[in-house]
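Each in structure tokens, the structures are laid out below.
In the two complexes that follow, chain A is the common piece, with chain B as its partner first and chain C second.
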Partner chain A sequence: MRRYTRTLGRLWSASLFAEMEYRTNFVVAALNGIGTLAGTIFTLSLFYRDGFLIGGWVWTQALFIIGCFTFLDGFQAAFLGPNFQRFSEYIREGTLDFVLLKPIDSQFFVSFRNLSLWGIPNLVLGPLLILYAGFRNDPPVPLVDYLVGALALGLGTVMLYAMGFFLVTFTIWFVKLWNITIALQSIIQAGRYPISSYPPAYRFVLTYLVPVLFLTTVPAEAFSGRSETVWILGAAGLATGLLLACRLFYLFALRSYTSASS
Partner chain B sequence: MRATLRKANTYLSVQYAAMLEYRMEIFLWAISTLLPLIMMGPWIVAGESGRFPMDAAGFARYFIAAFIVRQFTLTWVIYEFEFQVVSGRLSPYLLHPVDPVWRFVAAHLGEHLARLPFVIALIAAALALFPQALYDSGGGLWLPPMERIILTIFGIYGAFTLRFVIQYSLALLAFWFERVSAFDRLVMIPYYFISGLIAPLEVMPEEVQAVILWTPFPYMVWFPARLLSGGGGLDPWRGFAVVGLWIVGLTLLNRLLWRRGLKHYSAMGA
Partner chain C sequence: MPIIQVNHLAKHFQVAEKGTGWRRTLRHFFRRQYRTVEAVRGIDFSIEPGEIVGFLGPNGAGKTTTLKMLSGLIHPTAGSVEVAGYRPFDRRREFLFQITLVMGQKQQLIWDLPARDSLRVNAAIYEIPDRVAKERVDALAGLLDMEENLTKPVRKLSLGERMKAELIAALLHHPQVLFLDEPTLGLDVNAQTTVREFLRTYCSRTGATILLTSHYMADVTALCERVLVIDEGALKYDGSLEGIREQFAPYREVKLELGQELDREDFERFGEVESVEGRVVRLLVQRETLAESVQQLMGAFEVLDLTVSDPPVEEVMGRIFQNGSS
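On to the complex of A and B.
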């Protein structure tokens, strides 16, 4: 376990040092995070003119969902994006061989090797917005709801990772497929609004085909103290199932990996 | 004139053939631009409440039109150009008798063409999801009149030209800076939120609209999408005039950057 945390520390500081070469990028990344959040809140406010409630949610409750989305978006940009892109390079160039030889779990290594600074602003801004919405909420959110919400958001993060990794595993067979994660990323955009704000056909897709419901709606409900235990248990079950599925699928796919030379 | 046409034809067919190799990738890229169709969902529900300047069918038409516009205005020249400058691959192209920009333009147009089958399939899916978009308030079939379709085509290519000139001008900064694609990310933020991609201008506060209409952003999505979906107090000629002014101004800037940049490039000895 300690070996894993130490390896992570080294890998991430190496990633950040590499990005230090382009120092203006730090400023651009911060502006990017702040600008995107401002734009998202502006767009949300357009729904609230003239007394309309999006999906029946009041303003602070909707801010929770934006906070959850921003956090997941940051996680996606910091970890999933750069590592999954790298993964398709390993397959194309056959360098996955070297990863497999390392004395560390290969799925762990390929999933978390890189840390991109583009995601970091959102990883910070998301929780800050959740805290702000918690103070503004009427009544202010008690500590226990923060804990349940954080748990639900953590489960959402696990699900997002598992779904992404499941899809990227397909590149072992169809080398040039990492774009599939971009497609997933685009559907996740639907998580900016509560599931109840969509027409029925959308709700079906966002619940059963791509469980966006569990990524942002369920955690946001937990933060605003409206969640039921059954939803959290469901999220825990689904997260475990998806994680297990992506692990088994990866191990199965590795059997078909033939490296570049053979 | 004939020689130019022949060159254009060759460039386009070569780039179209090259793009057909990547059909699967282009399909996934098309999926990745679903944003307007996703935003259509909450706005249809909002439109049903009757508290907004458009009804549900109006929102549906608008977002389907915005999706179409987006498909034919996607631009990625900055990534290609940045790579070519940093890796030095631009050099052989400079020896060609044709300005390298035309190669990029042809590649974009070829990609849009290769994308067409997927776009038609996705539009059909969107209409299946919300067939009310095809009926007018009287229950008859709603179709944009012919002259609006023609205006839309001009609007879309105006939007593409505008977007391309902006991105290509930023790309030219690659002669001086590395990683210029970061600049485009910054430009993309207002593009996402005020171009009309995720909300039509009509639902924004009037003061905000008035400011936004002076920027080039709404002419990249909202203006052509409105031409197609109709409605709104839109003055097409004023819109085209603004698009034209932006294109002329930015093209002048672009050519200036190109001349200065080329000198800088050869001075580097790359």
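On to the complex of A and C.
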């Protein structure tokens, strides 16, 4: 375990050192994150100003959704995006060879090798917004709901990772699948609003086919003290299943890895 | 006991084939046609600990595919491989600690950062304490004359410096088995010499085993006493470098200095005429008819000087690859 944390620390330091070669990047990333968040809050506030409820959710509960969405968006931008794009390069250029030759879990390495500064503002802003919404809620959110909500959001993060990694594994056969990060962003975007605000057909798809429900709505319900145990257990079961599926699928795909010619 | 044991090893690939033009491109898009390529066809060999073995063959002969199977990157289609007591494609942690693969055309170092940052990552992965890692890096960098260059971003290094840094990264964990795929590719003569000397020193100090592919015969003649020759996926030769001449060059070179200039046709009945430059003629003559041919040459022409020698290994290998060894 210590080896993994030490390696991760050095990989992320190296990623940050590399990005700090280009200083304006971080400033632009921070401004972009704040701007996007402000835009989302402003749009929602226009609805709520006239007493309109989205999917039956009140203002502070909607802020929980945006907080969860912002966090997942940050996670996508900080980890999934850069690492999954790099995965295509590993396959196309054959440099996955060097990963596979190292005595470290290759799935772990390719999933978390890079850390992009672009995602960090949202990774921080998301939880801050959740904390703020909790204080504004009437009554304020108790600690236990924060903990259950954090657990649900953690499970949602695992699901997002597992779905993304499952998709990116296809690269081993098809080589060029750069649009996977766009598909992932679309999944996250669908979680920007409560599932109950979507028409029934969409709700079915976003619950059972692409489990967006579990990414933002279930955690937001947990933060607002409205969650049912069955949903949290369901989220835990689904996250475990998806993680296991993506792991087995990756190991299966590696058998077909041919390594680009040198 | 061999450190590398290969039995009936084979690898077949499915390769999509595509013609040119719109019609064929569309057909390729909707209905791909595949062809099976037998990259490696049932080869057998074994290598003892501490040996430095050259792995030779023309482009596409199956060298790199074999190295990838030996290092566990790809699964064999048939046959068995054992390296340091492990099945490579299981990629056991203990196995990966004992091997390394250096590829002249691929790099593992982080492009935008100094090589030392990549080496720190490798040290963490291989569980090398910082103090030990520093000692090893300094020692390896000293041998390669790279002390000054490890703090420069990799993108600012020359090709030769980059390859030296790649070697340090590949050897930081002191592997016992080195698979080197064209490690001197594109390097200038000085850098090639440095890398060769470095590899020789590394092996003599650590007792490591090397399987080396290179298109530069100088690499092979400088480092390897034994060579494996592979062509079209089949092993054509396994033995000493000198033995290649016996098997693939059953002829000797006869150099004549004549009293007068003559035409090429005059010598063709004695052997294969390599060159005619003024009064100097070079012939390749079969070993079994050498004595008789020399006697006839002496009688037929005014010979001022005559020397008989073995053709250089480089030339023999060139002929093998050019004509196919079968």
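Before moving on, here are some points about what is shown:
In this section, the second predicted complex is superposed on the first by the 260 of 262 C-alpha atoms of A that agree within 3 Å, B and C clash if a C-alpha of one lies under 4 Å from a C-alpha of the other, contacts with A are read in each partner's own complex, and residues count from 1 in each chain.
As a working rule, a residue touches a chain if its C-beta (ideal position, glycine included) is under 8 Å from a C-beta of that chain, and two chains touch if they have at least 3 such contacts.
These figures come from a predicted structure and were not determined experimentally.
Steric overlap between chain B and chain C is absent once the structures are superposed on chain A; the two fit side by side.
Shared-chain residue A:Gln189: touches chain B; no touch with chain C. Looking at the superposition, the partner that touches the larger set of chain A residues, chain B or chain C, turns out to be B. Look at A:Gly241: by the touch rule set out above, it reaches neither chain B nor chain C.
Of the two partner chains, chain B is the only one that A:Thr24 touches; chain C does not reach it. In the overlay built on the shared chain, the residue A:Thr7 is in contact with chain C alone; chain B does not reach it. Seen from the Cα centre of chain A, chain B and chain C lie 90° apart once the structures are superposed, a value rounded to the nearest 10. By the touch criterion defined above, A:Thr95 lies against chain C but remains apart from chain B after alignment on the C-alpha atoms of chain A. In the superposition on chain A, A:Ile104 makes contact with chain C only, not with chain B.
In the superposition on chain A, contact of A:Pro142 is made with neither chain B nor chain C. The least CA distance from chain B to chain C in the superposed model is 9 Å.
In the superposition on chain A, none of the residues of chain A is touched both by chain B in one structure and by chain C in the other. Contacts from chain B toward chain A in the complex involve residues 22, 24-25, 28-29, 31-35, 38, 41-42, 44-46, 49, 51-52, 129-130, 178-179, 182-183, 185-186, 189-190, 192-193, 198-199, 203-205. Residues 13, 64, 68, 71-75, 91, 93, 96-97, 99-101, 103-108, 110, 112-113, 117-118, 120-122, 124-127, 181-182 of chain C touch chain A in their complex.
Across the complex, chain B is touched by residues 22, 24-25, 28, 31-32, 35-36, 39-40, 42-43, 46-47, 49-52, 54-55, 174, 176-177, 179-180, 182-183, 185-187, 189-190, 193, 197-199, 201-202 of chain A.
Contact residues of chain A toward chain C in the complex are 3, 6-7, 9-11, 13-14, 17-18, 21, 93-95, 97-98, 100-104, 255, 257-259, 261-262.
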